[in-house]
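Scrolling down, you'll hit the structures one after another.
Look at the two complexes coming up: subunit A is in both, with subunit B in one and subunit C in the other.
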Partner chain A sequence: MIPIMDEVFNARNDNYYHLRRACVDMGQGDLCLARFTRHSVFSGVAMAGTLLELICPAGSLPALKAAIDHGADGVYLGLKDNTNARNFSGLNFDNKSLAEGIRYAHNKHRKVLMALNTYPQPATLARWQQAVDTAASAGVDAIILADPGLMAYANKTHPELRLHLSVQGSATNYEAINFYHEHFGIQRAVIPRVLSLPQVENVIRNTPVEIELFGFGGLCVMVEGRCLLSSYACGDSPNTFGACSPGHAVRWQQTPKGMETRLNGVLIDRYADNEKAGYPTLCKGRFEVQGETYYALEEPTSLNTLELLPEMHRLGIAAIKIEGRQRSPAYVAQVTQVWRAAIDAVKNNAEHFRAQPGWLAQLDKVSEGSMHTLGAYYRPWK
Partner chain B sequence: MLMQNIKLSLGPLLYYWSRDTTLEFYTQAANWPVDVMYLGETVCSRRHELRFDDWMNIAQQLTDAGKEVVLSTLTLIESESDLKALRKIVDNKKFSVEANDMGAVHLLSKAGVPFVAGPALNIYNPDTLALMASIGAVRWVPPVEMPRTMLMSMPVPDNIQTEIFAFGRLPLAFSARCFTARHFNLQKDDCQFRCIEHADGLDLNTREGEAFLVMNGIQTQSASVHTLAHRLDELNDTSVTHLRLSPQSQNMAAIIKIFRDTLDEKISTREVKAKLDTCLIAASCDGYWLGKPGLSMGAG
Partner chain C sequence: MIATNNLPATQQSTVSVAIKKMLGRLPAYPATQAFVTAFNLTVWKKLKDLDWDGLYGKSFSVVIKDLPMAMYFSVTEKGLRALKTTQPDVVFTATFMDLIRLALRLEDPDALFFNRRLLIEGNTDIGLRVKNMLDGVEFETLLESFPGMFGKAVMFARKKLQHRRAQ
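Here is the complex of A and B:
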């Protein structure tokens, strides 16, 4: 039986798509797919039940180990420069820690994905290409890209290397995703945090590409890859610099009116003595519109989709991504542990799944602003 | 390219104006010294004062007036009905199309229709630009944040024109959320089209009263008006073939004339700023072009 399965899954990814679609149509997506995908091979590492993989952030080697130890199916990480969208000082991997991280993960049959998801620029294009080479020779299981030119390079230079489309690629519809699939063979796409679940379902029905969704962590209110607010205010954007509202532009200042947070001099928020001052992420400040001062773009909340897990499972979502490479290993451990338990519970019995109060309490403790939202997955949020 | 050979484009209307206002705007635009007109809704799929057939009629009228017309697609394409609207534009058979989403690029390239690669496609490097040219892009608009130095170091294939965003409030971000509806405590699905009341967007100020951003439905723009009028002589040795001027509710005819006269050296780049300032709805900025924060205004 197994050799036949391998044959099926060594064939074009499109087969997977048709099988998955048939399975979903038959109303037995989960069972059917689990059976089909269990035997597939992902860059030499056996997959441990591929539906609803748990992909966790690794901003450092300790965070990577915390994620693996607490049940992540895979981690994603970046190099120590602006080739990835969490270019913060003190974070990320050099060649030595990358090798160690991959060894650690592969020993436990988990995956390592490398984010190279900023946009290369003419003067420094070679550095992004070298980063692709580094990823390939280090033996990562996939690279996560946003730039079509870099995808073409990776596809040509390392045809065996699995490619994922980053959320920074701004693909919000299946025609866009299929563009990347047909031209560069991308096998998974991470969808920006803007679609409702019915819209996600429509994407899944019309693409052979696996779909990964954000499940928990910081919430971008803007379409990732299509937000220049940070460079407008302080010169550095996620697209080119790899960070939003970067630390070097931030000023905290106690004034008679309260604690003020500024980004390159622009007042992002001001806090009364009884308020907890937050990091001045540009879209999460309080501004004045027609005489009313409020969180005009987005409140400082975290995305938490725990209660949507049964629906995500039914849709055949390939993976849930946890945001937070800038967070501590303790955060990663805690969040990974909760999500591992929740995903196992859904896989075990989706119909009777209930988000346990203990899980929510644990997640609340580590959330930004201690508030949760379902974000765009829940239509009225829009 | 030499300054006087540079063409002017009127970018797509980013705001929601009433049907009469929009029709009147384009009736007048037929007589303005612009070479290219981008038409259609690029921001919000709910806006419907003008439908596809209306845009096609305007396109025909402007073509008859000697303008090159390009139909622009939505930037954020989420639903099946968004895709349906996109396919209609791709299949229009008469006019070329500006792709503002990779889904549009996919459909246009498969159909073999030449296209303009819009500013939201994130073309930051030669490989991606060459790829776009190879699948049918005949013109590209760099991201609005691209500085002159980066543009200068970009090898541009011979068969593709370069259009830069040279005037208007900068389109900075797109979201699934409608900030205008949210301001009025309305849900997006029942937004009552309140953005029609704000011809140049809804001002968002800092808590110390500094103009910062503008909310235009699901789009966030700069409060300041980006302009390169005083820097047009810096284009002489670049790949730039077209300047995009983004419509605002007032003085558009005068603004276009100022740009044309400056390109034709009837107005010097030294005196143009004072002239243009009288036409602006807000302070001006040019920081992106200089590789600085977009909101800043360079000296000299």
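Here is the complex of A and C:
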């Protein structure tokens, strides 16, 4: 019986009609449907009419409310510890604010997703598992995971809980995404910011898993989940500590030569008075390489894919994610407002969609480096 | 890559020159005392239940660079306490108007930092914690702590500034 169920479940097209027919044809209707409901109804039916969801960051309750009030379809948030990749002092949710946030969002029929996207270590595994339990009992709409062990735990312990694959999971091809889907019931994957749109399309055509793309916000060197750069300076890996530049290691100081940024004492940049600053991460530092000082790894800039929205819509992207749980409610309100207007415009008339100058100006105002890029999505030579 | 938004590093203050001159002439310590007293009588009521553990006894400086003026204070269980001068644990530096806009939740601190309009020196972790804790309190909640007319005046000023930003 199990192999038949698996055969049904593993069908590449998680289409409600086809799966239901397959269940009935095999005489396993009820059993199959039970499992199918657990994994697929949300994506196959409930989500069908809600493509291009707007998923916004919430580092605090006011940020969550700002996102909801300005038109987010859902928010993502984390707990006040290193179980998520925005582990900063004073940020994130405790049980009380989580309950209030979920109540606020659900009253307005919006979703709350919880990021549990760092990697547990043997000695601390219980903290991550407890965070999964907390998410399930609080009633979040999905959890966003990177670690397969945690996926297995969530899948087994809370079979009703919807699972998303975090960008930290670093799955860039459909085989990897399908693996997570088949083994752990992953229903949505956030794609690392390394693929061009044609490559994203190739993924979409070969997986039943919903695809979520980053639309706006800070960029990193894009080896998410595998980047160890900051541990060279701080001794803390972003994948286990939950921050690339832990606050305790960061020092800014105005000197006669300019504003210096140090990470655990290591000078990573010095800004002249008229220069824009970036986040204090090693990847965005300027280093002397063969006698020349420059952004040897990455220039501080923000991803902004507004002008690619019609193509994303055509591809059937399930959701657009806005980066920035470390940002203030003011940022969340401003960015959510612009993206809500843009997504509505593209849904109304994709052919005549144009990114309005006012939207771009508003987004550039809050961008790192006050610059934006289309990132890897747009590579016309591909 | 598209370079945009060449905002000046220092925003032109919109507070009238007269007010700024007046504030700039105030000696720092009495001005800090006045600020601390007003703070403790109003918003502290809404902030005292936050998780201040580890922050009691820490000292802060807010440098208003266009007046110029530096305020020094520490956090105690009864609220802020004005200090005459100290080696602060953390220093925030910005213009008068940017500080006002931050307090009114109209400006994103990270965006100000990127544009070199906000500097945080000293213990960054403490600075971030205070910033994030304050961000976690709803503006409306803080507003409730002001006497009726004053609260309305704050809301009026906020709407004015919000409107100006949108233009």
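Rule of thumb we're sticking to: the second predicted complex is superposed on the first by the 326 of 382 C-alpha atoms of A that agree within 3 Å, B and C clash if a C-alpha of one lies under 4 Å from a C-alpha of the other, contacts with A are read in each partner's own complex, and residues count from 1 in each chain.
One rule holds in what follows: a residue touches a chain if its C-beta (ideal position, glycine included) is under 8 Å from a C-beta of that chain, and two chains touch if they have at least 3 such contacts.
Since we're looking at a predicted model, the values are computed, not measured.
Q: Sticking to the clash and touch definitions up top, decide whether subunit B and subunit C on subunit A clash or fit.
A: After superposition on subunit A, which the two structures share, subunit B sits beside subunit C with no clash.
Q: Look at the residues of subunit A and decide whether subunit B or subunit C touches more of them.
A: Result: the larger residue contact count on subunit A belongs to B.
Q: Mind working out whether A:Leu150 is in touch with subunit B, subunit C, both or neither, as first, second, both or neither?
A: First partner only, subunit B.
Q: Who does A:Val366 touch here: subunit B (first), subunit C (second), both, or neither?
A: After superposition on chain A, A:Val366 lies in contact with subunit C alone.
Q: Quick one: minimum Cα-Cα distance, subunit B versus subunit C, in the superposed arrangement, integer Å.
A: 14
Q: Identify the residues of subunit A that lie in both the subunit B contact region and the subunit C contact region.
A: none
Q: Under the stated contact criterion, what part of subunit A meets subunit C in this complex?
A: Subunit A residues touching subunit C: 59-63, 65, 88-91, 97, 246-248, 250-254, 259, 271, 273-278, 299-301, 326-331, 334, 360-361, 364-373.
Q: Would you pull the subunit B residues touching subunit A in the complex into a rising list?
A: Contacts found on subunit B: 75-80, 82-83, 86, 101-107, 109, 120, 122, 124-132, 143-145, 150, 153-155, 170, 172-179, 182-183, 187-189, 202-210, 212-213, 215, 220, 222, 287-288, 291-295.
Q: Give the list of subunit C residues in touch with subunit A in this complex.
A: Residue positions touching the partner: 1-7, 9, 51, 93, 105-111, 113-116, 119-122, 124-133, 135-139.
Q: Quick check: in the complex, which residue numbers of subunit A touch subunit B?
A: That would be residues 119-123, 125, 146-150, 152-153, 169-176, 178-180, 182-183, 194-195, 199, 202, 221-223, 225-229, 231-235, 237, 239-240, 264, 266-270, 283, 286-290, 292-293, 296-298, 376, 379-382 of subunit A.
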